[in-house]
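Same chain, two partners: chain A is paired with chain B first, then with chain C.
This part shows the complex of A and B:
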C-alpha cells in the first residue's frame, strides 16, 4: 500500500515536471539530443534515395561533427564514398546559432574549393528528401513552439509540439512527436501553405551508444535508422547509420580547408 | 564494380602466395575505380577546315588506382584515360594525374603530376596560373578536362594562423588551344605555312614557382598569390613583319602577384580577385610579339533564387599597361587589341527531380570586344552509374578577330555519356 502511494507520488511529480516543461524547453532538449549528442561525433551513413517506382540510388558518407563548448556553434564535415562520380567529394559547414552558416564544397576532380550560398538551406541535400537544414538543424528561434498534446506513439510516451515559422520557410507548420524519455523526435510532419501534408520524418530504430569510460561514461540514444518521405511525390530517403562514435576527440582545427582536400585516413577508412 | 581491399587481397593471394598478401592486407589498402566516357561533338555550322562534321568523337576508359598505407598518412594514386579518337582513328593514353601523397604534422607533400586550381573566379582565371585545355572546354568534354595536371612538387604548411602552399613545377606545360585543323580561327598571318614552337627551358634548375598563402579574415577566405614562370598561351613572332615566311610560337616570361577573397554578403557569396601580370620579357611594352603587362580583376556574386535554383554573375577586366607603347609598336598587319578588355558572365543552374536533372546556362559576354559564348546544358542522371549530358557551345560577335568572335563558325552540339563501374 505504502509502495503504491510512493509510486503514485513519483508518477505525479514526474508528470507535473513534464507538464511544467514549456514547448521551447522540450524543443531545445530535442535538438540537443538529436543534433548535439556528445562533444563530437563521427559516423558512417548509408542513404538510400528511393523513388515511387522503387528505383534506388545510394550515397555513402562519413560525417563528423563537433560542438563548440558553449556558443551553440557547430562544425560539420562530410566525405562521400559513393556514388563513384562524387567519391572523395567533401562538404564543410560551420554552423552559427543566429546567422547564416558558412559552407564549402571540395570538388576533387579539379582540386577546387568553393563556398556555397547558405540560403540553400531548403535545397535538397545531395538529391535526398532531407534538406541541408534537416541535416544540420534549424534554429529554434526561427519558429514559435506550442505543446499540443501528451500521447503515446508506438508504445512510447511523447510530447506533441507544433512549430510555426516566424518568416516564410519551406513549410508553414511542423508537428513533432518527441520521446519523453530521451527527447529524440520519433516523427515529424511538415505541412505546406495549403495545410497539406508534405513530408514525414520518422526515427525507425533507436539505440543507446555509449561514449567515454568511468565517470565520463555517457550514453547517447541515437536514431540509427531515419526515413524522410515526401508524401506528394512518393519519393523517400532512408538513412542507416552503419557506425557512430561519440567523443572521439576532434579539434576545431580539424574542420579546415586542409582536411577538405586531404582528410586524415582515420576519418574515412 | 568496386574493388575492395579484400578482392585485391584474394587476387594477390592466388598469384603470389599467402606471405606477401598477408603483408599487403595489414599494411596497405587498394581501390580501383573506372568509368567509360563517350563524347560526341557535332558542328552545327558546316564542316571543319579538315572536312569533318564532328569536332570530337571519342571514347575514354578511366582507370583510377589508389594504394594507401594503413600505418602512415601516405597514398599513391594514378588516374589515366585510354582514349579512342574516332576522327583521327587513333588510340592514346592520357595520364591525367599520378602522384604520391605524404602528410606528417602540419606538413603535406604531393609529388608528381597533379591538378591544382586557385582563385575564386567561375571559369575566369587570374591567379590560377596552371595549364588549361580550352579545346575540351569549347567542345563539350566534362569540366574536369578543362584542367591539365602539372609535373610538380607541392608542399603545404597549415596552422590555424596561416596556411602556405608552394608548388614547384619542373616541366612547363602550355594551355591546349584550338588548332586550325578542327576549328576555324582568326590568324593575322594565315599565309605562313612554316610554324615552329619553342618551349621554355624549364627543369629542376629552372622551375616555375607558385605560392599561395591563405587564412580567414573577417569571415572571408582570403588568399595572396605569387607566381614566377611563363605565359601559358604562346606569343607569335614572324621572322619578318613585312615579308613573313616563318612563324615562331614561344612562351615569354611572366610573374603574377594577386589576392582573392570569398565570403558571405547580402544573402549570397561574394568573390573578389585581382592580379598584376608582369610580362617580364617586355617590361616596356615595346615588343609587339609579347603581351604587355596587365592588371586583372574580377567581382562575382552568387545566390539562390529559389529551392535548387541558383544564379551567379561576374564582371572581369584586363587593363593593359603601356598601351601607348603597344599601339606604337603594333605592326600594321596585326589586329589591334583594346586597352581595356572586359567580360560579364551569368550562370543559372536548376536542379529538378531530386537532382537527377540539372539544367544550366553559362553565358560570357565581352562589352569591349562585343563577342559572346553561350553554354546551355542538360544533364540527366539515369542511375548512380549512368549519366547523359546534352549541351551546346554557341559563339558569336561583331568581329571575327576578337577572342570569342573568331569562333563564330564553330558552334557545336555535344552529347556525353558516362558509365561508372
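This part shows the complex of A and C:
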C-alpha cells in the first residue's frame, strides 16, 4: 500500500514536473537518476569491447560507488577480474563536479600505485567507447540545454533534449532521449566536429532494483545493459550489469590507496 | 592498380582492416625562425581544430600536437594530456614543451622536427581518392591560420597519387589537344593543303573518342594508364591517313586527275594498311594476356581504336578527297610541287644510294648500334616512386624533400607480426623480438622511425617508474605487458592501440616510416629484414609480412616490369607470326621485326646508359613500338615485295622505294616526332617520358627502316622473287 502510494507520488511529481519542467531541470533529474541512484552502489559489470568485425575483448570488473551528500562529489572504485593478465588491477576515481577527477591506478605486476592526471572528456574508460566523462557524468553547467520535443521511443514517453557545449568538448552537440517516468536516458546521440553522428548511447534493458527493507524500501530503475557505439569506427562497447546492490553501506575509507592494493574481499566478490 | 585478388594487395586491405589503418596526409608547418612561439603554436592549434572539421578526416586518429596525448611522469603522478593543451606563454613553458616532445620517442621527429623549426600533423582520411580535395581544404586553412613567413607542406603517397590523378586529367586536356594541333600544323606545312587537315583530324578525333567513350561507357575508370590512350592512339591512328595523303599528293601531281590519282594511290596501300592495322591491333590486344588489369584494359582499347582508325582511313579519307574541288586542287598541287626536286626527295635518294652501295658498312653499324643498346639493357635500374612523377619543382616534390629531411619519414609501410595464437603478442619474448627488429630496421638510413606495441610498453614502463632509464625496457612478464597496455588504453582513444595490435592480440603491426619511397629503397628495407630474420630467427610460430602503400607500390612495380616485359614479348611473338603469315617468308618476316626490335632495344639501352630509372611510364612505352615500329617495316617490305615482283631487280626496286614510299615514311616520322614533342612541356614526368620516348623511338625506327632494311635487302631481297633475280 505504502509502495503504491509512493509510486503514485513519484508518478505525480514526475508528470507535474514534466508539464512545467525546463530542459535544465530535466537534465538534472536525469543525472540524479543515472549517476546518483542510492547513497552508494556495488555492481559487477561485464564489458564487451567489440570491433567492427565482431571481434570481442571481454572485461569483468567490480565497481563501487559512493555519493557525498549535497556536494555532488562521488568516489568510484574498480577492480578487474578478467582478462586474467589484468586481474587485481584497480582504478580509483574521486570525482568533482567542477574540475577534472583525481584518478589512481594500481598496477599489480609492478606493485605500483600511480595517480593519473588526465582530461576526463577525452580519455577512454579502460579502452572502451565510454569516456570517463560518460561514466561519471558531465557537469551540466558546461552545456546549454534545450527541450526539442516530446515523443515516444520504444513505447516510452520521452523528452528530447539538445545540449550544446559552451567550450570545446568531445562533442559539438548531444541529443538525449530521457524517459519521462524514471528520467533515465534511453538514448544519447553525440555529434563530432564534422557535425556527423559519432556515437550512440543506448540503455537497452531497464530494471527496477529494490533497496532497503520495509518502510525504508526504495526502488532504483537501473539500466542493466548499456551500449556505446562509435558509428564512425564501427567499434562498440556493451556493458552488462550482472549484479547491482544499492545502499550497501560503503564508507569513505573503502576508497583509499590501501584498498587499491588489498581490496576488502566482501566488496569484490 | 593491382588486382584486388593479388595476394599482397589483399593482405594490405586485410592489414588496414585489422589495424584500422587509413591513408595519411602528412602536413608540415615550417618556421625558419622558431616554430615554438606562442602565436605560432596558437595558429597551428586553430588550424588543427579546423582540419578536424573537414569531411572525410578520421577525427580520432589525427596525430598532432593538440590532439595527441603525451604520457609524462612526475613524482608519482602520471600526467596524460595533449602535447599542446593550453598555449604556453613563457619561455620556460615553451622550453618544457620542446623537451616533452624530445623526451617521448613516439613524438620525437614525428610531430616536431629535431631542430625545432617544424611541426607535423598526420591526417588520416577515409579514402585515398579524397586526398586531393582534403589537401586543398587543408591548404586553405593553413594559408589562413599560419603566420607570415611560415611555410606549409603536404606530403605522403596518397596525396601524391591522388593529385597525380587530378593533374593527369588536366594534362590530358592540354597535352593531347596540343599534340593534335601540332600534328595538324605539320600536316599543313608538309602538304600545304588545308583540306588535308580534315581527314587527319577526323581519324584522330574519332578513333580516340570512340576508344575512350567505349572505355568509360563500359564502366572502366580512367587512371594513369588509360589516360595515356589518347596520346598513344593518335599517332598510330593517323599513320594510314598520312600514307594515303602522301601517295595521293604525289600521284595527283603527276597524273593531274583527282579520281585516277586516288584510285592509284589506294591500290598499293590496301594490303600494307590492312596488315599494319591488324598487326598493331593484335599486338596491342595481346596485352590483354598480361596479369595487370590496367595493362589489359589499355591494350584492348588501343586495339579497338586502331581498328576504328583503319576503318576511318579507308572510308572518310577517300570520301573527303573525292569531295575536294578538282580545279583548285590541281591548281595548288601544280604550283606546289615541281617534280622530284624537294630537299626530302634529294635526302631520301642519297640515303637509298648509301644504304645500297655501302650495305655492309650500314649493316655493321646497325649491328653495332644494336649491341650498344643491348649492353645498355644491363645498366637499367628498375625503380619508381609515384612522388617523382611530378617534376622536381612541383610543390609536392618540394614538400617531399623538405618533410623527409625534417621528420622521420612520410612514406608508410607496415610489418605485420603474426602469431596465429590469441594473446600471444603479449608474451615478453615476442615484444622483445619486435623491439630488436625495430632497432635493426632503424639502423637503415632510409628508415626514419618505427613504432609498435613494444614502444608503448616500454614508454609505460618508463613513466610508471618515474623516468628511471633502467625501465626503458620490455618487462619480463606477460601480465605486466597486459597491464601496461590497459593503462595505455585508459589514457587515450580506444582505438589508439588497435593501430598496433589486433583485438585478439595475436597480431602486431610495426609502423615503418621511411624517408624515401623509391622501390629500390623499399627493397633495401625488405632485404635488411630478411637478413635480420635469417640471423635472428623469431620465436616459434611467428611469421612476418610487409605491407603498406610504399610496399604495395614496390610489388606493383615488380609485377609491372616483368608483366609488361612478358606481355610485350608475347605481343612480339604474335606480331612475328603474323609477319610470317603475311610475307610467307622467314627472311622477310624476320626483317619486318628489325626496326621494331632495333628501336626498342636501342631506346631502352639509352635509358640504361643515361642512368634513368626504369619506371612505370617507361615500361608502358614498350607497347608503343608495337604500333609504330611495325608500320614502317610493313609498308617498306610490302611495297618492296610487290615492286620487286614486277621489276625483278633489287637495286631498281630500292631506288623506287626511296621515291614515294620512302617519302610517306619520312613524312610520318617527321609528323609524329615533332607532333608529340609538346608532351615534354607537361608538368608531369610520365608525359615527358612518353614524349621523349616517341621522339627517340621514331628516330631509331626511321633510321632502321631507311638504312638497315635496304642494306639487308641488297643481300636477301631477291629471295621473294620466284626463280631468283635477274
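The definition used in the following text is that the second predicted complex is superposed on the first by the 248 of 269 C-alpha atoms of A that agree within 3 Å, B and C clash if a C-alpha of one lies under 4 Å from a C-alpha of the other, contacts with A are read in each partner's own complex, and residues count from 1 in each chain.
Basically, a contact is a pair of C-beta atoms (placed from the backbone, for glycine too) under 8 Å apart; a residue touches a chain by one contact, two chains touch by 3 or more.
None of the values given here were measured: they were computed from a predicted structure.
S.K.: Put the two structures on top of each other at chain A: do chain B and chain C fit, or clash?
M.R.: When both complexes are placed onto chain A, chain B and chain C end up clashing with one another.
S.K.: Give one of first, second, both or neither to describe whether A:168 is in contact with chain B, with chain C, with both, or with none.
M.R.: A:168 contacts chain C only, not chain B.
S.K.: Pick one for A:194: touches chain B only (first), chain C only (second), both, or neither.
M.R.: Second partner only.
S.K.: Does chain B (first) or chain C (second) touch A:124, or do both, or does neither?
M.R.: After superposition on chain A, A:124 lies in contact with both partners, chain B and chain C.
S.K.: Touching A:57, do we find chain B (first), chain C (second), both, or neither?
M.R.: Both chain B and chain C are touched by A:57.
S.K.: Under the stated touch criterion, which partner chain does A:158 make contact with: chain B (first), chain C (second), both, or neither?
M.R.: Neither partner.
S.K.: Determine, under the contact definition given at the top, whether A:211 touches first (chain B), second (chain C), both, or neither.
M.R.: Touch partners of A:211: none, neither chain B nor chain C.
S.K.: In the overlay, answer first, second, both or neither for which of chain B and chain C A:105 touches.
M.R.: After superposing on A, A:105 lies in contact with chain C but is clear of chain B.
S.K.: Applying the touch criterion given at the start, work out whether A:235 contacts chain B, chain C, both or neither, answering first, second, both or neither.
M.R.: In the superposed model, A:235 contacts both chain B and chain C.
S.K.: Go through the superposed model and pick first if A:89 touches only chain B, second if only chain C, both, or neither.
M.R.: The answer is second: A:89 touches chain C but not chain B.
S.K.: Clash with chain C: which of chain B's stretches 60-68, 276-284, 330-338 or 348-356?
M.R.: Answer for the clashing stretch of chain B: 348-356.
S.K.: Considering only the contact definition stated at the top, list the common interface residues of chain A for chain B and chain C.
M.R.: Touching chain B in the first complex and chain C in the second, residues 49, 51, 55, 57, 83, 85, 109-110, 112, 114-119, 122-124, 126-129, 235 of chain A appear in both lists.
S.K.: Inside the complex, what are the residues of chain A that reach chain C?
M.R.: Result: residues 49, 51, 53, 55-57, 80, 83, 85-86, 89, 91, 105, 107-110, 112, 114-119, 122-129, 168, 192-196, 198, 230, 232-233, 235, 237 of chain A touch chain C.
S.K.: Under the touch definition given earlier, write down the residues of chain B that touch chain A in their complex.
M.R.: Touching chain A: residues 2, 29, 33, 35, 68, 70, 73, 101, 103, 108, 114-117, 143-144, 146-147, 156, 158, 160, 163, 214, 219, 221, 262-264, 267-269, 271, 302-304, 307-308, 310, 351, 354-356, 381, 383-385, 387, 418, 420 of chain B.
S.K.: Sort out for me which residues of chain A touch chain B in the complex.
M.R.: Touching chain B: residues 49, 51, 55, 57-58, 82-85, 87, 100, 102, 109-112, 114-120, 122-124, 126-129, 170, 235, 252-253, 256-258, 262, 264-265, 269 of chain A.
S.K.: So in the complex, the part of chain C that touches chain A is made up of which residues?
M.R.: For this pair, the touching residues of chain C are 17, 20, 49, 52-55, 57-60, 69, 73, 76-82, 423, 426, 461, 464-465, 475, 477-484, 486-487, 489-495, 497-498, 502-504.
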